[in-house]
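Just dropping this structure here.
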Amino acid sequence: MKLKKVLALVLALAMVLALAACGGDDKKPDGDQPSNGSQTGEPSTPSEPSEPSGSGADVSSLNVGVFYYNYSDVYISTVRAELDKQLDSLGVKYTDYDGNTTQSTQMDQVNTAITNGANLLIVNIVENSSPDAAQNVINAAKEKDIPVIFFNRDFDKSAINSYEKCAFVGTDPAEAGHMQGKMIADYLLANYEATDLNGDGAISYVMFKGQEGNVEAEYRTQFSVEDANTQLTGAGKKELTYYAGDSAATKYLVDPNGAWSSAAATNYMDTVLAEYSEGNNNMVELVICNNDDMAMGAISSLQTAGYNNGSGKTIPVFGVDAVQNAKDAIAAGSMTGTVAQDAVGMASSIVKLLNNFVADGNLMSNTDGMVVDGDSAKIRVPYAAYLG
Amino acid sequence: MEQPALLEMRHISKEFPGVKALDDVSLTVRPGTVHALMGENGAGKSTLMKCLFGIYHKDGGEIVLDGKPVDFRSSKEALENGVAMVHQELNQALTRSVQDNLWLGRYPTVAGGLMVSEKIMSRRTQEIFRELEVTVDPKAIMSTMPVSQRQMVEIAKAVSYDSKIIVFDEPTSSLTETEVEHLFRIINMLRDRGCGIIYISHKMEEILRISDDVTIMRDGQWVATRPAAELTMDEIIRLMVGRELTSRFPPKSNKQGDVILEVQGMSGRYTRLKEASFQLRKGEILGIAGLDGSGRTEVLENLFGVMTREGGSIKLHGAQIENRTPREAIKNGFALLTEERRATGIFGIRNIRENTVISNLKSYLMGGICLSDKKMKEDTDWSIQAMRIKTPSQSTEIRSLSGGNQQKVIIGRWLLTKPEILLLDEPTRGIDVGAKYEIYQLIINLANEGKGIIMVSSEMPELLGVCDRILVMSGGRLAGEVNAAETSQEEILTLAAKYV
Amino acid sequence: MSKESKDLAAKAQWDSKRVLSLVVNNALMIIMIIAAIAIAIVNPNFVSASSIVNIISQTAAYLPAALGIAGCIVLTGTDLSAGRAVGLTACISASLLQVAGSASKMWPNIGTLPIPVVILIAMAIGAVIGAFNGFFVGKFKLHPFIVTLGTQLILYTILLLYVKMGNNGGMAISNLDESYNSFVKGSILPKIAGQTIPNYVIFAILLTALMWFIWNKTTFGKNMFALGSNEEAARVSGVNVLMTTIMVFSLAGAMYGFTGFIEGARIGSNTANTGLNYELDAIAACVIGGVSFVGGIGKISGIVIGVLMLRLIFIGLTMANINQDLQYLIKGGIILFACALDMRKYLVKK
C-alpha cells in the first residue's frame, strides 16, 4: 500500500516537474511565448524591438487570434517565433492556436476566438487545395466585420476578393519550384561530369513529395523538374530521368502520413538505395525534396550508405525552407542547396498589414516595398536561393 | 474430546452501502473436519469466506488462525498463511496452460528468481496430479478442456498450497457423479491430514454425506451450528428458510392436451446430438435428464436455432417449421431460458425493466419509431407481480438481485413474447431452496395455462418432482423415455449410462 | 458402404480438412510469400542482398516499439502514446548528442554525453511515461485507450515545448555527433554479401531475445499473460495486478525510449513530427502477428512477422512501382484479414 502511494506521488511529481521545466523555459529571451495562453500587452523583450509600431493609433484595443495549421511544422514554428516576438514588442494582445493539421479543428478555433472577442484574425489555413475553407473563415469574419490576414498557405484568389478587409501574405507557391529548378540546373551544368556517376549522360533523380493535394507540394514537385529540364536541354544536355524509369506510377514518393517528415524520406531512401547503387551502375544522382526536413531524412540515409559525409562522394540534395539544420548541412557539405522562405519577412509583412489597419482601417493602405499580385490583395514574400 | 480450533471467526460483520451483509457471524473449524456452510443465496456465505480470504475487508470481529489473530489484506496474504479457496466461479486464465494456472502467483524460479523453471513446475504438477489421481495434461491449454476438468485443476491448485484451511465454494456444480466421488476422496484425504475444510454447497445429500459439522446462515446472520449426524434434510431446510417447507415440490395440477410439437430425427451439425425424436403436448412438462455432456442442452439449442441442425424435422401443430435462427424460433412461439444465466441470460448492468422488455421491444413501438415507456413499465410491473420478483424498483440493476429473482425476471421476459413452447435449461441452477419452490410453482402454473414446457436439469429429484415425462440422453443420443410418476432415479441412471 | 471404404473416406476427408486448416492457419505467411514472389518477378532487385538488408533494417527499426506495445495488447489494452513517446525520446536523445560547439546546438552548456547515458535517459523517460499510463490503467481501472489517448496529447505538448527550448527555437534537431551516428548506423559486423548491416539491427535482435525471455521465462511474463487472460484469476491467485500492469506499460515505454534513441540517429532530423503514427503501425504489426485484443495471447515471433509484413508492404510497393495510394488499402485489408483469421480460432461453431 505504501509503495503504491509513493509511486503515485512520484509519478505526479514527475509530470508536474516536466511541465514546469518546459513552461519555465518560455521566459528566456531566445525561447518562445507559451502556446495557447493570452498575452498581455507588455513587451517581454525590450532589448530586441523588431518592428516599430509607426502609427499613433491604439494597438492595445486589438485582440488578435493567430491560427497556425500545425505547430510541429518546423518552418511554421520559425514564423510563429518571429511573429510572437514582433507582436509582443508592438504591445498587441494575441492568442496562438494550433490547428493540428485538421481544418475542422481550426474552424472551431476561429469561431471560438470570434465569440471570445477577437477583432483581427491571422490565419494559416489548413486546407488550401480549394478556397472553401478560407471562404468559411472569411464569412465568419465578415459577419462581425473583422479583418483577416491569411498567410503561408495559399488558395484561390476568389476567396480573398470576396471581402475587402482581407489579405494574404505568402509566397508564390510556384516560385519555390521555379527557384529550385534553376538552382538544380545551375548546379548540374557546373558539375555535370561529377554528378553523372554512371556516365550515361543523363542524371537520374528521386523526388520526395510532402503531401498529396497541397498547392506548394504540387508546384514544387512539378516546376523544379520542368524548369531544370528546360534549362538543361537548352544547354544541350539530356533531361533528368526518374530513378525508377518512365513506367513508374508516379514520379515522386509521398510521405504516407502527409506530414512532410524526415522519417518517410529515410525509409524511402533506404529502399531506393537498396536497389540503386553504384555497384549496380544505376545510382540515384540527384535528390529533390519538397522541404528541408525530408532532405535531412534522405541525407541520413545517404550517409548510412557512405555518401554525403562532407568529404568523399556527395549526391546533390535540394530542399526548400532553409531551416537552420539545412543551412548547417549545406555548410558541412552534406547538402547542396535549399530555397529560403523568409520567415522574418513573412512575419514583418503580416505586422505591417496589421499596422496599416490600425492606422486607417485598411489592410492594404501602405504596401511600399512589397510584391503585390495585380488581381487580388495577395502579398508575395520573395524566396531566395540558399547555397551556403 | 475437545480439540483446539484451527480457525475461529468471531463476531464478523460487514456492511455494504445500504446492506448489512454480515451481522455478528461466528464460525469455528476444528482440524481434521469438514465444516459445511449452508444458507440460501444471499445469506452471506460467500461474503464471509471473502472476508476470510482477504478479498473483502471485514468491518468488525476477529479471525484467529491456529491460535494467532490474523487479518488478511489480500488473497496473496491468505494463501501465504495457509488459507486456500476454490472459488465458485471458475477464475482461470483460459488462454494459458494447466500448469501456468496451477502455479500462478508463485511460479517456481531458478537463477536467483530471474527465470521461471518449467521443469520444476512440470514435475510438481505431476506430483500433485498423481497424488490426487487427476488425469489432466499439465501442458494443455485451459480453454480446450471441459468445465469439469478445469474445476479439478482448480481443486488441485487449492490443495497444492499445502493449506491448513481449504474453502470449497460450490465445487460440484459442474462435476459429474464420478468426479464428485473423486472430489470426496480428495476431501477425505485432506481431512485425514488434519486440514480444516469449509464446504459450501446447496446439495443437501452431499452435505450430509461429507461433513462433520454444519453451520447454517440466514440473511447475513448465524442461525445454528450442529453436528451433521444430528441433522436431517428437512431440518436443514427449516433452518435455512426459517419456516417449514412442507414439501420440496408444489402439487402437480397441470392437464395435458393435444400434441403440439413433434421432433423427428434431429441431429446437430457441429454438436454431438444424434437422431433425437420426441413429442410434446400442450400443458405438458417434459424433462430431459442425462449426464453432463450427454446432449441435453443440445436438444434445446438445436430446437431453438442456436446450434446448426444437420437433419431431422420439426412440426408445430402438424406444420413443418425450420427454426434456423433464434429470431425465427421466437417468431414461431418458442422461448429459451439459457443454462448460464450470468453469461447468456441477464444484462447485468442494465435495470430490470430493460431486462424484461428486451425480447419484446417490437410490441412497444409507437408509430414504428418510438418506444412507449408507459407500456414497458406496465408489462414490467405485470412481470414483477406475476413472477413475484423481489426488487426495490424497476430501475434496479438486475445483477444486484439474487439468482432466483434474476431467473424470474428472465422467465417474465420470455412470457411477454407470448410463447407456446418454453425451453428451460437448468431453471433452478444456483438458486436457493425457497426460491426453487417458487420457480417450480411457476413452471407448473405455466403448464396449466397450456404452455408446452421442456426442462433440462441435472438434479434428478427436481425432474421427478416436476415433470410428467422424462427423456434420458446418453452420449448425444436419446437413450429412453420414462414416465416421471413411475420411474426411479436408478432407472434414469441406468439409461443415462447406456451409450457412455 | 463397407467399413473399409468408410474408413478411407473418413481419412481422405480428414486429410483435405487438415490441408485446409493448415492453409488457413498459415494464410498470412502464404500470402506474404506469394506477394514477395510476385514483387520479385516484377522487380528482381527485391530479392537482392542489398534489398534484403534494407528490409531487415527497416523491420529492426520498427520492431522495439511493436514489442513494447504488444505487452499492452496482451493485457487487452493498447497504447496510443507510443508514437509521441518515440518522438519525445528521439528529440531528447538527439539534443543530448549534437556535435559539440556547433552554433545550433540545443544545449550548448551540456557537452556531448556518453552514449550509454543517453540510452538510459531515453529508456528511463519512456519507462516513466509507461509507468504513468500503467498507473492510471491499473489503479483507476481506466481503459488503456482512454489513458494513453490522454497521455499522447500531454506528451505532444511536452514535445512541442521541448523542441523550442534551449537554442533550438522549434527547429529540427540534427547535427548529430559522429559517435551517435556510428553507434546506431555504423556496423561492427563484417560485411555480408557486400552489404553493411547497421548496428541497430543487432540491437533489435538483442531486444527481441530479451523480450522473448521476459515473456516466456520470467514470473513477470507469466503474470502478464495470466492477467491478460483473466484479471480476477490473477488477483485471487495472489498476483500484484497493479504492479504488473505498471511494469508492462513501463517496459513498453522503455522500448519506445529505445526506439526514440535509434530513430533520432537513423532519421537524423528530429522535430515535433517525429514518431507520428508509430503506434498505429506497431499496433497493426502486433495484430497481424496474432497478438490478440482478446487478451492473454501473443508470441514474439508473431510480432516479428507482423512488423516484417508491414515493411514488406511499404518496400514492396515502392520497388514494384505501384501507386503509393494503394498502400493504405493493402494495409487495411491485411489487418482486417489477419484479425478475422485470428478470431476464427476463438469462434466455436455450434
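All chains are identified by letter, namely A, B and C, in their written order; residue positions are counted from 1 within each chain.
We adopt the following convention: contacts are C-beta pairs under 8 Å (C-beta built on N, C-alpha and C of every residue); 3 or more make two chains touch, one makes a residue touch a chain.
Just so we're clear, the structure is a prediction, and the values are computed from it rather than from any experiment.
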Chain-level touch network, classified as line, ring, star, complete or other: line
Identity of the most central chain, Cα criterion: C
Whole-Å separation of chain centres (CA-atom averages), chain A against chain B: 68
Distance from chain C to chain A - Cα centre to Cα centre, in angstrom: 31
Euclidean distance of C-alpha centroids - chain B vs chain C, Å: 44
Residues of chain C touching chain B in the complex: 213, 217-219, 221-223, 225-230, 232-240, 294-297, 349-350
In the complex, chain B residues that touch chain C: 53, 55, 74-76, 79-80, 85, 87, 91-96, 100-101, 104-107, 109, 113-116, 157, 268-271, 301, 306-308
Of chain C, residues touching chain A in the complex: 43, 45-46, 48, 50-51, 53-55, 57-58, 102-104, 128, 131-132, 135, 139, 154, 157-167, 169-175, 181, 185, 194, 198, 242, 246, 263, 265-277, 314-315, 318-319, 321-325, 327-328
Chain C-touching residues of chain A, taken from the complex the two chains share: 4, 7-8, 11, 14-15, 18-19, 22-23, 25-26, 30-32, 35, 71-74, 77-78, 80-81, 98, 212, 244-245, 247-250, 253-254, 256-257, 259-263, 266-268, 270-275, 277, 279-280, 292-293, 296-297, 299-300, 303-304, 323-325, 328-329
